[in-house]
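Look for chain A in each of the two complexes below; its partner is chain B in the first and chain C in the second.
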Partner chain A sequence: MYSRGVRKLNVMANNFKTIKYGRQYNLALWVYAAMFYFFLYGPLLMLVFLSFNKSEIVGFPFEGFSIKWYHVVFESPELIRALANSIGVGVLSAVIATTLALSLSMAFRHDFWGKSLVLYLILVPIIIPGIIGGIVLLIFFGFSEIRPSLWTTVLVAHVNWVLPFAFLTLYPRLHGFDRALEEAAMDLGAKPWVIFSRIVFPLIRPGIIATALFSFSLSFDEFVRTIFVTGFQRTIPVQFWGLIVDELAPQLPAMAVIIILISILTSLIGFIYMRRKVN
Partner chain B sequence: MSSRDVSVEVQGVSKSFGSVIALNSVSLDIFKGEFFSLLGPSGCGKTTLLRMIGGFEVPDDGSILIEGSDTSGLPPYERSTNMIFQHLALFPHMNVWDNVAFGLKMKGIEAGIIGDKVTKALQLVRLEDYGSRKIDQLSGGQRQRVAMSRALINDPTVLLLDEPLGALDLQLRLSMQDELRRLHKSLSNTFIFVTHDQGEAMAMSDRIAVMDQGEILQVGTPEEIYDKPKTRFVANFVGHTNVFDGEVSNVGNDGDFEINCSGLVFMGVGEMKVVKGQRVSVALRYEAINLSKPDNEVKGASCLGVVREKMYLGGMFRFETVTKEGLTLTADIQQEEQSKLIKEGDKIQLFWEPESLAVLLE
Partner chain C sequence: MRVLPKNYEKKVSENSTMSKKKLSKSRFDGVKPIGKPLFLLAPGVLWLLIFGLAPLLFMLMMSFWTSSIFGTKPDFSFDNFSRVFFTELYRDQLIKTLRIAFMTTMLTLIISYPVAFLLSRLQGLRKAFFVLLIFLPFWTSYVIRAFVWLPILGRNGAINNFLQSLGVIDAPLDWLLFNEGSVFLGLVYVYTLFMTLPIYLSLEKIDGALVEAATDLGAKPFSVFYRIILPLSWPGVLSGCIMVFLLTVGAFVTPQLLGGPSGIMYGNVIASQFLANNNWAFGSALSISLILIVMILLAISSRWIGVQHVFTGGKET
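What follows is the complex of A and B.
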């Protein structure tokens, strides 16, 4: 009985291995995959391509290879200032959001009254559509008579936007943290602050770095909320928007490539840290 | 016994988690230098009690004294106890040396002394060459020994062990039991060991407290717990036992008595204070019962029965028998020669020493 059953199972397994899909099915699969990647990466590649176009007008035909638009970008003081503004606000909001996310995550390991309510409150900025978020902030700052500027309104808007993502990135790290390690440290004479600095922090450091990098990248790309609360100091996306609206500037593709590179690089490093095991 | 110094004194401690009662007014004295086990099934409160002694749980009621002083309100880092955790909780980002040295560093001891002490502590568990190893480069047994040396380096008055051997395979488990016993003999610290494994508790402990549903049912040496269980739970939890409900049918002048269990009369001797008509239970260990041919002359108490099932358990046979009164009595017999002659369906005589009978009051 037993051996017959095993034989039957083997036959079934062999049949499964030798199943051949029809040629048409295979073709359809290829077409699907090709389209998928074309629409995903095609526009990006075209942008990179156009950024090296000598032509004074954004678009085809391709009139020859040139890096002059990159020169234009780097020689434009407004663009450099906007880039500096974006990096500054990005770094600061990353630091603030990560710190807040860390303390929230620490608190969320305990049970307390109204915990799920607090969770929803933290996540609200994700759910609210960007344009509504922007208007809400505009009204709020208007009523509070806070003048729009980079380090007040824009920074607050960014932290507000970035925090839920930072929390969602960092919390699993702390939630999965083995509490027995903290108890062991406490048992061996470590007081709470020492437990955090010698045990908890070193072990979740990769998660903290990843969170900060994602936060930066989110802030760096933020546009919809920012445009409502911007004063005279513009961030890169706002500056960019201005260029598109005022003039279809030929240096736009080059600028876009630079922004994409910065975003991709920070996210990539973030992902590397996310995956990193402690050691 | 009572003249010995008490190391840990548990006084009427209660603890609930929500509606679940983890400990129900538990009192207990644990002596200095003793290897004491808290034995019971999962959820019986043994781990809660251990964690309370370590300062990780706060009693709702009652208090715990260590070396005579009340520990109420003391956090773990201000107690003279150290714990070996269930999954060891070694610090994964530190090497062996730093793990072991952690306790001393926290006490602010100067570097030179730490060096000497760590070396000694690693020697104690034979890991002196492993100081620079990462935790994930160690075998299961080596991790156990690192955890032991890390917990012992501060020379705790009480070492708390929370089922640290639970996750090990049998071989390693036995060798770690040896290691722990060896450590306990060479040191003067009190060991409190939590386990659900009665064999482990028997093998290691000076005394055992058997716990169930937040209460301590019996405290005693392994022999006392095994030979004279006081309750049905203890009898069933520790070793293999036949347990029957019955009634005291006769009490003699010399303190001997008889207990009638569904027609089968057990003789009891001495010590127990029982009165005629009292409802009690009796417990008889599997290995306390012997078998012979029905017409042989036997010593002690005996009854007649039929073998219903015979099993070989390696080194011994287990016979499930039905007495002529209809009770099922199981006997473990080690003598192979004699056992081979008895087959399923045979009529046999069961006999045992009256002293091996335990009378259970609840």
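What follows is the complex of A and C.
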């Protein structure tokens, strides 16, 4: 099924390519694209470059190569703790959000009353601006007299944020796979739980892993909601923000590079799982 | 009679799998998927009701309360809202924010469309590579992607350093940072993907047969573009515009870092009610107003595109 889709896509792409624009237009398009990619990557590459700058100020001129800022980052107990906090909350919110999303996606294979209402409910956290997503929780927990802390308020904020994306990633997976095996098992009298654990789950496992990895990455980078509900245990983006606002600390570029590497790597692995063929 | 084409067999087999698919789709409707919807829905829906909807409704309620130095007290007054919409300071701030969001949306659209178009015309590994290359930066924290402009535009930034070393300027330029322009730059940089991706997906979906037919009938490449490709990519353009607008209208990080006093946006005004002024009731009214604007926007655009399709790239759910 999947490969047929790909073949169809290729045929389409071929036809699409049959329109021939003049060479100069193609060239212009490529030059434009090169500028676009430079716009995307230039600043990030510059950040990598600056992270090796010996200078005490964030910026230029480049005073010489040094890895001392990486030492500063890894030898700062505060930063290591923030990193551990972020990874902990990221893992836990990925697990919670993926589980909830899986359950919701299974439900969405049925027809039930109020389906579109539930869909709107799922989409609410991405429709309302992020800053308000943080503030509503600040008010809500403030009046419920729940103290802001990593494993309560921050975790809730992260799951709220991640859940819609987890659902949107996972649902097409559950909706798209060939149900013939599942139906055969049902005809042979297998119990729902057996069908789930032996057939459905193995079929969508790459999708689940991808969803969990994306969720982790989203949570790891979350800032604007977290800042309003954070307690004493800060996450890494909150810590990063503090360092920018307080003093524009010289270790910021090195810290940024480490954060970028972690989130890009998890997303990239998620992406690879996502593209895995279900068959 | 026409002679059977060479790939006749292949076509037949494709047709038969097509009908098999149709068959299994009709069976899909017949055999119920496993699990009871109520049980499956319960955990997620409960979570969303308690931590998603309830806090929002609570904030809606609080927007009618009154805040004083003694705290925020229940009340039923429209004072907060009249202050939101009729005080010059807040009204101007709102208009300015809408203007910035609109401009950013247009800028990302203009910047993204040609790139999306190019990507949709690539094939195979090359395509995968360039699409992935677009994704990569957006998998990193937006705080970092906003921050990165400080060492570019700042006093010790790349641009000032470059110009000084060339001897074009003697002293660093201060006007590069902390104004509306730097906010635009930051916002475009942070949110372009949300425009590029939906446009790319909608261009991908265009049936090549249409293009082929038009070309066969003698349409010039550019009229093919204007009369077929452009109109058919409209859903992608629209969903990209909605997403970028939604994201920028509530922006907080970028204007806070790059905006300075003249570049602050509504998100910063809202945040200061909670972080500095401690006026929760008024802050709630500001937030509710922003949500209302977002809802109105979505309601208007729902004439062309459903809310669920904005976020699912037009996939049926």
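Assume the second predicted complex is superposed on the first by the 246 of 279 C-alpha atoms of A that agree within 3 Å, B and C clash if a C-alpha of one lies under 4 Å from a C-alpha of the other, contacts with A are read in each partner's own complex, and residues count from 1 in each chain.
Note that in this section a contact is a pair of C-beta atoms (placed from the backbone, for glycine too) under 8 Å apart; a residue touches a chain by one contact, two chains touch by 3 or more.
All of these numbers come straight from a predicted model, not from anything done at the bench.
J.: State whether chain B and chain C clash or fit side by side on chain A once the two structures are superposed.
T.: Here the two partners, once superposed via chain A, fit next to each other without clashing.
J.: Which partner does A:136 reach: the first (chain B), the second (chain C), both, or neither?
T.: After superposing on A, A:136 lies in contact with chain C but is clear of chain B.
J.: When both complexes are superposed, which of chain B and chain C contacts more residues belonging to chain A?
T.: C
J.: If we overlay the two complexes on their shared chain A, which of chain B and chain C does A:203 touch? Say first, second, both or neither.
T.: first
J.: Pick one for A:44: touches chain B only (first), chain C only (second), both, or neither.
T.: After superposition on chain A, A:44 lies in contact with chain C alone.
J.: Check the residue A:160 against both partner chains and state whether it touches chain B (first), chain C (second), both, or neither.
T.: Only chain C; A:160 stays clear of chain B.
J.: Give one of first, second, both or neither to describe whether A:178 is in contact with chain B, with chain C, with both, or with none.
T.: The answer is both, since A:178 touches chain B and chain C.
J.: With the two structures laid over each other on chain A, which partner does A:186 touch: chain B (first), chain C (second), both, or neither?
T.: After superposing on A, A:186 lies in contact with both chain B and chain C.
J.: Report, in whole Å, the shortest distance between any C-alpha atom of chain B and any C-alpha atom of chain C after the two complexes are superposed.
T.: So the smallest C-alpha to C-alpha spacing between these two chains is 5 Å.
J.: Quick check on my understanding: which residues of chain A belong to both its chain B contact set and its chain C contact set?
T.: Residues 178, 180, 183, 186 of chain A touch both chain B and chain C.
J.: Which positions of chain A touch chain C when the two form their complex?
T.: 1, 4, 9-21, 29-30, 32-33, 36-37, 39-41, 43-44, 46-47, 50, 57-61, 99-101, 103-104, 106-110, 112, 116, 118-132, 135-140, 143, 156, 159-160, 163-164, 167-168, 171-172, 175, 178-180, 182-183, 186, 192, 195-196, 200, 217, 220-221, 223-224, 228, 237, 240-241, 244, 248, 252-253, 256, 259-260, 263-264, 267-268, 271
J.: Using the touch definition up top, name the residues of chain B that touch chain A in the complex.
T.: Its residues touching chain A are 54, 56, 75-77, 81-83, 85-87, 89-93, 102-103, 106-107, 134, 136, 150-151, 154.
J.: Where on chain A does chain B make contact in their complex?
T.: Within the complex, chain A touches chain B at residues 178, 180-181, 183-191, 194, 199, 202-203, 278-279.
J.: Would you pull the chain C residues touching chain A in the complex into a rising list?
T.: 14, 17, 21, 24, 27-28, 31-35, 37-38, 40-41, 43-45, 47-49, 51-56, 58-59, 62, 111, 114-115, 117-118, 120-121, 123, 130, 132-137, 139-145, 147-152, 154-158, 160-161, 165, 189, 192, 204, 206-209, 211-212, 215, 221-222, 224-225, 246-247, 249-250, 252-253, 257, 267, 270-271, 274, 280, 283-284, 287, 290-291, 294, 298, 307-308, 311-312, 315, 317
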